[in-house]
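In what comes next, chain A is part of two complexes: it sits with chain B in the first one and with chain C in the second one.
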Partner chain A sequence: MTTDALTQPADSRSMGSLLSNIFWGTSLRAKVTAGILILLVWQVGVTLFAPSFVATPIGVALAFPGVVTSKVFLIASKGTLLAVFQGLAIALVFGTVVGVAMGRMKVFDRALNFYVSGFYTMPMIALLPLLTIWFGYGGDARLATVIFAAFFSIVINVRDGARSVPPEYLEVCKAYRAKARYVWFDITVFASLPYLIAGFRLAAGRALVAAVIAEFFVSLQDGVGMFVLFNARNFNHDVAVVGVVALVAFGLMFEITMNWTTRRFFPWYRRETKAD
Partner chain B sequence: MSAEAEADGQSSRIEINGVGKRYGDLQVFKDINLEFREREIVTIVGPSGCGKTTLLRCIDGLLPVNEGEIRIEGDVITQPREGVSMVFQHFGLFPWKTVRQNVGYGLKLAGAPRAEIAEKVPYYVDLVGLKGFEDAYPYQLSGGMQQRCGLARALTMEPSVLLMDEPFAAVDAQTREILQFELLKIWRMRPMTMVFVTHSIEEAVLMGDRVVVLKGRPSSVFEVIDVDLPAPRDRSTLAHPRFTEIREHVWTTLMDEVRAAEYELN
Partner chain C sequence: MDRVLTFVNSDRAYVRWGTVLLALLAGGLLWEVVGLQFNQAIMAPLIGDGVDHPGTLPRLGRYLFDDPEYLLSLLQSIQLFATGFGLALLIALPFGIILARLVMLRVALESYILMLYVTPMIALIPFILSILGFDFWPKVLVVYLFAFFPILYNTLEGARSVKPEMLEVAKSFRSSEFAIWTDILIPYTLPFALTGIRQAAGRALVGMVAAEFFLSTSGLGEELQTASRNFDMAGVLATILVITGLGISFMKIAGVFEQKYSAWRGLDR
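For the complex of A and B:
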């Protein structure tokens, strides 16, 4: 058992690097070939063995232009994206404040750590029935779910970051007699930025999931989740898959935006983490 | 310089009276008695781990002492004090701030008005030779440039006491020499009390009006050597016979300790 546990990480690492070589290495051709192969198997498999309403790559591709320009879809996308962005913004601000407080003051940490960890691990779907009663069957319940899903991963990461501020920075602060607000919201926040970004990434993924689940549960008309559900139930599976693809695209867009933002506004960020 | 200022120059700015410091069970130094006069440069040498950094931190008020007291201008030091600046061996620059922001940060923390910061920062950036690098981030600077940035931050506070912890340890020999003479030049323009910790005996003798040798375990002041070399100190000082003499003296004093430590290991 113990030897297994010891050897496994090494194995999985080499496995991981192998996989990443296949997918992200120079072998673009292999990647494209694999993609085409998967689509081909999907197309042929469905055509041969599945009922006609099941989505096929060609069906999805044909449905795509019509769907992404349709009013219903645009309203649904706007609803989901707005809820995710609002929720993330609120979670980011309050999560950072609470995380910094916990990281810098033992009292807060002792008082809150247990609950924050608890809520972080709790599946937010379990809370949905309650949230709908508190916030009604509408957009508010979705926003609340998103905030709830995003908040704790930001708190946990910022807390860890705030606890690991290099002692040299704090020594400089003390020597220059920095007021607490500078120590907290300048030095601590920026020194924990790598943690904050990691937490925010995690939060964004959770927020998108939360928004879609809330839309399922609340039957929110202006949501991509509901768009997918509605079309799936009406046997428009090609259209439903376009909705799913849109959700994937939202996630990728977020990643790209994050990368651009860190590069543009925190030019020192990557250099700093690389040097460590 | 007026007669009054002359007399003032002889008054002591920092008094260290019977100071001792412990980390838990480890007694770092004990019974340190020193006086640093106004506008004097005192260098401190001693073997690694003898408590030089610790002593400097105590003087700056970053660490409490366990025995005795440290006074600056008569006030007992319990926390960092206005008019005292420290240059850290670890630079202490913030990677997310540019040179301009790092240099001005001390003033900003002290609540200085924007106009004052905007006026002083370029002056000191220029003084330490970082003109043109105002918008660079620390990762874009060499070690010596980072050190100068840290020095500029301390100087913008226009301190009457400047504490420096091995400020040139991380730079190459040539840069180090340039920085030494630059610092002496800055000091001549704005004389202040300077306490300068270094590992380099040459540097200690070159820069110091007096050299303090810490020795022993726990350490204490073993010797205070007056460096009677002509001012201003420059490259020619290095060739002065008296310089060699003093350097050898400090070296022998320290070497005894190093040898003793070696025997202990064997």
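For the complex of A and C:
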């Protein structure tokens, strides 16, 4: 365990085993029974006690096909996903560079640690008013929020990874008088890949949340967050729940892609990413 | 070049503290210069000149020591946080331990808890708004939802790690139900639950600000909104500092407990 609670990769541990737990857990029957019971309680409870506009499982299921194929929804998903991917790509590149620098050079670590852990702890939602004033009420503010949310968790994880490069590798580098850039980008980055992947997972979750918060705050038309907000305000709760389901699906889809990529391209890292 | 690098990377105390101090100074200076360059509606400096460019630190000082209304908002926010977070603790911890005891229930509910754990709770705010309206309790519900699932999910992780052999031994010695709880279940799940509590503290803070933004505005969220609508950047930055300070102190407190009990985690993980 690291000593400082603030610099730990917060919820990265669980994400790896999450999917397999959802789909291939034991006792399928118990799960199905519990699922049906939950849906039943939801349906009956809403029809008995809640106003008629509140979403019910049957209503959501009926609304689902129409919403998923509608143009508004597709444009909204495209907007959100594009912003998340762009933001993640930018955060990944810069975050890796800063993280490796902090992990390998003590001077950078000492200089930047205060800022990185401070910004990592800073709730991104508090920065929204500032970001909207700087970047305007538009897509740029959403992109900036996503980058801000993703950047620091990548930095923190890459830094931990760069610190834990096996010392033998570095000794070999030293023995052969390898140049610093080879040590950094050929040894450190690849040795810290498991950490990078863990950080990227964490960052992806935060990025999605950041995109939704930004859409709420900015009232951005082409976003799933706004789609949910708009339909919930117009008391189309069945339709709005489909938006929430889509958000969960985006998160899970991302997990599946990451798992597949890890298995396909870095099969030797699989164990580490699963463990921690 | 090499000697410079060795020097700045050395572990001598004055190098270490010098680097930290220099970095803080450089950051502060950058903030000050940028703040003085721009219009006060876009960026406020750290200290400022008090006329055209009101500074953030003086504003922070006035907020904290000379502004009863602001302190009232701060208290309002803390009250909201404490109510939501406390309720989440009170419900999630016993529920998690019950799941550790009743294996069948745990297996049945696990997947659904995981699904809710990954659901961005922020997307549920519009529903809470249109079903429950503008009051104190809907906001508490938001904070509660943000905090509940990280705690429950991590307690569940701990519940999964309780070794069945232990329960069997306890059973074969006819241990009372109370003793099973206090001597096996709680010590086993506590370190995991504390990890969840630290995570939840961070998330609940986001929930607090989100609730104060999007439901009826109050507390620090309202201060932030008012300041940003008036293009009062010094106020915005000072409030952000206050919120970050709250977050860091909540997480530090939770982190202290987590460290204290982290040795209780079995070595088999």
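The rule is simple: the second predicted complex is superposed on the first by the 245 of 276 C-alpha atoms of A that agree within 3 Å, B and C clash if a C-alpha of one lies under 4 Å from a C-alpha of the other, contacts with A are read in each partner's own complex, and residues count from 1 in each chain.
Here, contacts are C-beta pairs under 8 Å (C-beta built on N, C-alpha and C of every residue); 3 or more make two chains touch, one makes a residue touch a chain.
Quick caveat: nothing in here was measured; it's all calculated off a predicted structure.
In the superposed model, A:A50 lies in contact with chain C only, and not with chain B. Note on chain A: of its two partners chain C and chain B, the one contacting more of its residues is C. With both structures placed on the common chain, the touch criterion links A:W134 to chain C but leaves chain B unconnected. Contact with chain C, but none with chain B, is seen for A:I38 once the two complexes are overlaid on the shared chain.
With both structures placed on the common chain, the touch criterion links A:V107 to chain C but leaves chain B unconnected.
Contacts of A:M122 after superposition: chain C is touched, whereas chain B is not reached.
Judged by the touch definition given at the top, the superposed model places A:M253 against neither chain B nor chain C. Contacts of A:A178 after superposition on the shared chain: chain B is touched, whereas chain C is not.
With both structures placed on the common chain, the touch criterion links A:I213 to chain C but leaves chain B unconnected. Against chain B, in their complex, chain A makes its touches with residues 168-169, 171-179, 182, 187, 190, 193, 266-269, 271-272, 275.
Those residues of chain C that touch chain A in the complex are listed here as 5, 8-9, 11, 16, 19-20, 22-24, 27, 41-42, 104, 107-112, 114-115, 117-120, 122-127, 129-131, 150, 153-154, 157, 198-199, 202, 205-206, 209-210, 213-214, 224-225, 227-228, 231, 233, 236-237, 239-240, 243-244, 247-248, 251-252, 254-256, 258-259, 262.
The residues of chain B lying in touch with chain A in their complex are 60, 62, 79-80, 82, 85-86, 88, 90, 92, 94-96, 105-106, 109-110, 137-139, 157.
Per the touch definition, chain A reaches chain C in the complex via residues 1, 3-6, 10-11, 14, 18, 21-22, 25-27, 30-31, 33-35, 38, 50-51, 53-55, 105-107, 110-115, 118, 121-130, 132-134, 205, 208-209, 212-213, 216-217, 225, 228-229, 232-233, 235, 237, 240-241, 243-244, 247-248, 251-252.
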